[in-house]
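For reference, chains read A, B and C in written order, and residue numbers begin at 1 within each chain.
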Amino acid sequence: MAESVKVEEVADAMFRIIKEGQGLKKYKATDLQKEMIEKFGADRCNKDLCKKAIRILIESERCVYTYFGGSFIEIPHREAAAND
Amino acid sequence: MSEEVKTPKLDDLEKGPWPSFVSEIKTAAKTNKMAKDLLGQLEQSYEDKIGHWKHGGIVGVLGYGGGVIGRYSDLPDKFPNVSHFHTVRVNQPAGWYYTSDILRKLCDIWERHGSGLTNMHGSTGDMVLLGTTTDQLESTFQELTAIGFDLGGSGSAVRTPSCCCGQSRCEWACYDTMKLTYDITQHYQDELHRPAFPYKWKFKMSGCPNDCVASIARADISIIGTWRDDIQLVQDEVRNYSKAGLDINRDVVNNCPGKCMDWDGNNLAIENEYCVKCMHCINAMPKALSPGKDRGAAILIGSKAPIMQGAQLSSVLIPFVKLDDEESYKDLYEVFDAIIDLWCEEGKSRERIGEFIRRVGLANFVEAIGLEPTPEMVGAPRDNPYIFYQIEK
Amino acid sequence: MSETVKKRITDIGPPHYEKFLPPVIKANYGKWKYHEILQPGVMVHVSETNAKLFTVRAASPRLLSIDKIRKFADIADKFSDGFLRFTSRNNVEFLMTDETKIPPLIEDLRSIGHPVGGIGPAISNIVHTQGWVHCHSAATDASGVVKAIMDELIDDFTSMSLPGKLRIAFACCLNMCGAVHCSDIALLGVHRKLPEINHDMLPKTCEIPTLSASCPTAAIRPVTIDGKQTVEVLEEKCMFCANCFTVCPSMKLNNSEFDGLSIWVGGKVSNARTEPRFSKLAIPYLPNNPPRWPEAVEAVKNIVDVWKKNARNFERMGEWIDRIGWPKFFKLTDIPFQKEHIDDFKHAGLTYKTSTHLTQS
């Protein structure tokens, strides 16, 4: 197996596609995982690595989990339903 | 609270013999302004015949993707104290057992940080803390963990597993439901708090086929206790039920779905080979009959409520497993993990496992997770001849 | 602040249940031999060691204030050494070893308005959802209708005179938190009007492909209105499930005039005698009529009364209907059979009658 990608690198790559997709497409954890494995190749990136990368994004508060009928990972924002 | 809220419609629901939820809200409203505005908004709903809540989807505690359900009033100017009114799901102890001491501690936390209102319990099984503001979430969470509680699940994740009281009180429990529920909950902590699935995933554990937690109707994985050997039978006690007035032929024998019982007025005979473990005779005569000694569980898969392709009941995946120790739990988790992996890979967004199986076909599904097809998996073999034959090369 | 962050505990799961079990349970875990119902709401479990555990089950509205929970805690201290539990149907149970404390415990529970019952051939508590108390998608309230129905059926909770068990469940919309769809009687909140689309908010709050995909009948199509990307709903395809609202708040289904509830009968989850099955439609629509929903209460009461009068021992609602047939059910209950009763979704054909097993009377 080729040397795996660094987890921070996966997190950064995830963050970029989430940011680019903002307002157009919302990503679920499984979507991000599929994108990353396609980007880096199955020999360098796997499910566990993606899981760790998501955890880094969430715990650093660069991303948040959101829910609308299903759970997504998004850039933090003020939600539409919130009152002032 | 100086000025009193006028709630003529709700007041009517304080009358009558059944305990009143309105009285509960009013009690909390005496000292809690959120509860007071909840009362006001609910009266407004009774006036308008419509709900006044908006669904939030972003609030939570750091690191978790579930356990908090966002709620906002759509009348924030009129009811400012429920402008933000989020629900906190707290993972209940298995079997919903408490001591007075721990309940008081939970109440104290909720007095400091929320509305003072709860559901004991929510449909999935969690203790539900009903309503607080975003800024109180983290402190509520930290105080809960300090006394040993954690949040429950929500979103596309493992939902809080729940079970009947099992062997703690019930002689019919065919495996230790509370132990397995605790173990599953611990095993899937990450999947419970960090949603990574196509949709929700529920585990429900019932100790016998009476299924007191309705696992067959609402769990993605239903683990229902059953047995393989003969029903345990005490003839003298059967005779006592008969003497006490139970019509054993009419009420017991004729209700047997396996038609495997015979009562001659003195002896009850059971052809155990044909017993389908329905529980009826045991329910009717608990002192005389009980499940056999070779106990375990059937694993069923796929039940759900209607959204979106229609409601489903769970169907048999594994007809019988022994669940006597942690080793047997590990074997189960291997099966579950194979199913979850496949579903995460191939399932569509918002597709429950039951709908996924209907889409790909049970035979294909069973093959993909490495199980052999067995006649127990179906009510009957197919009756249509449109077969996708696959001739092996 | 930094100190609290350092101490932050996560992923501990629930506390271990053993901490909350009374000593009699710890000593007899897995050793219970049989149980008997001593009187409505009271049972005794007897173990192989002859130890006895007495359970007293009391009604609860599920929505409880912390004041009430503290009262339950005080009662538990007084009568059951501080041990209590809640049931899968939201009742509260006190677990004790001293039989002599049962009558005063029941008296104390009565004095704070919580009747004892719900065991054996009786109605148990109605499991229900949040309704207008706390849900955004509720087509009706839950707690209020449940309270009104239980006020009416209270005698069937505090006695044991029904033919079999009676399980009623209530869900305030088709999302059905809880398993209402397999109940003897299920009440289900329904919408009947097309979603009101907020074309201004929709592009900002919702993803259109996800929204279109959420519709089980493919009734939602992307369109452009005044240069804005939004959606339209094909009227003839919408069956008001509100799945679109679940993924997009700009598709409002709640309607004060046309929302209401439907009644379904004959489902069960237990495997006893007959297999588990879904509840079937009895009444397609009843109006929201707060605070006491008299139409819904009357309808439930009528169905229960007819079942009570006609069912044999142990016969659950669905088993009784199996025996007498649906035409007789509609005749005996005097419920009109109408177009909505005939399924027209997937697998509808499976519910058509394909035999001449007809009572003809």
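Just so we're on the same page, a contact is a pair of C-beta atoms (placed from the backbone, for glycine too) under 8 Å apart; a residue touches a chain by one contact, two chains touch by 3 or more.
Small disclaimer: the values here were computed from a predicted structure and weren't measured.
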Of the pairs A-B and A-C, which shows more C-beta pairs in contact? A-B
Name the most central chain, where centre means the mean of Cα atoms. B
Far-end chain from chain C, centres as C-alpha averages: A
Measuring centre to centre with CA averages, how many angstrom lie between chain B and chain C? 12
Please tell me the distance, in whole Å, between the geometric centres of chain A and chain B computed from their C-alpha atoms. 30
Rounded to the nearest Å, the gap between Cα centres of chain A and chain C is 37
What are the residues of chain C that contact at least two other chains? 210, 214, 243, 246-247, 249
Contacts with 2+ other chains: residues of chain B: 54-55, 62-64, 190, 349-350
Shared-interface residues of chain A (touching two or more other chains) are 68-70, 81
In the complex, chain B touches chain C at residues 9-10, 12-13, 15-25, 27-28, 35, 38, 42, 45-46, 48-55, 62-64, 71, 85, 87, 91-104, 106-107, 110-111, 116-124, 130-131, 142, 145-146, 148-150, 162, 164-165, 167-171, 173, 176, 178, 182, 185-186, 189-190, 192-193, 209-218, 224, 247, 250-251, 255-257, 277-280, 283-284, 286-287, 290, 305-311, 313, 349-350
Where on chain A does chain C make contact in their complex? 24-26, 68-70, 80-81
Hey, which residues of chain A end up touching chain B in the complex? 28-30, 51, 54-55, 58-59, 61, 64-71, 73-74, 76-77, 79, 81-84
Would you pull the chain C residues touching chain A in the complex into a rising list? 201, 204-207, 209-210, 214, 243, 246-249
Residues of chain B defined as touching chain A within the complex: 54-60, 62-66, 70, 72-73, 76, 83-84, 154-157, 190, 194-199, 344-345, 349-350
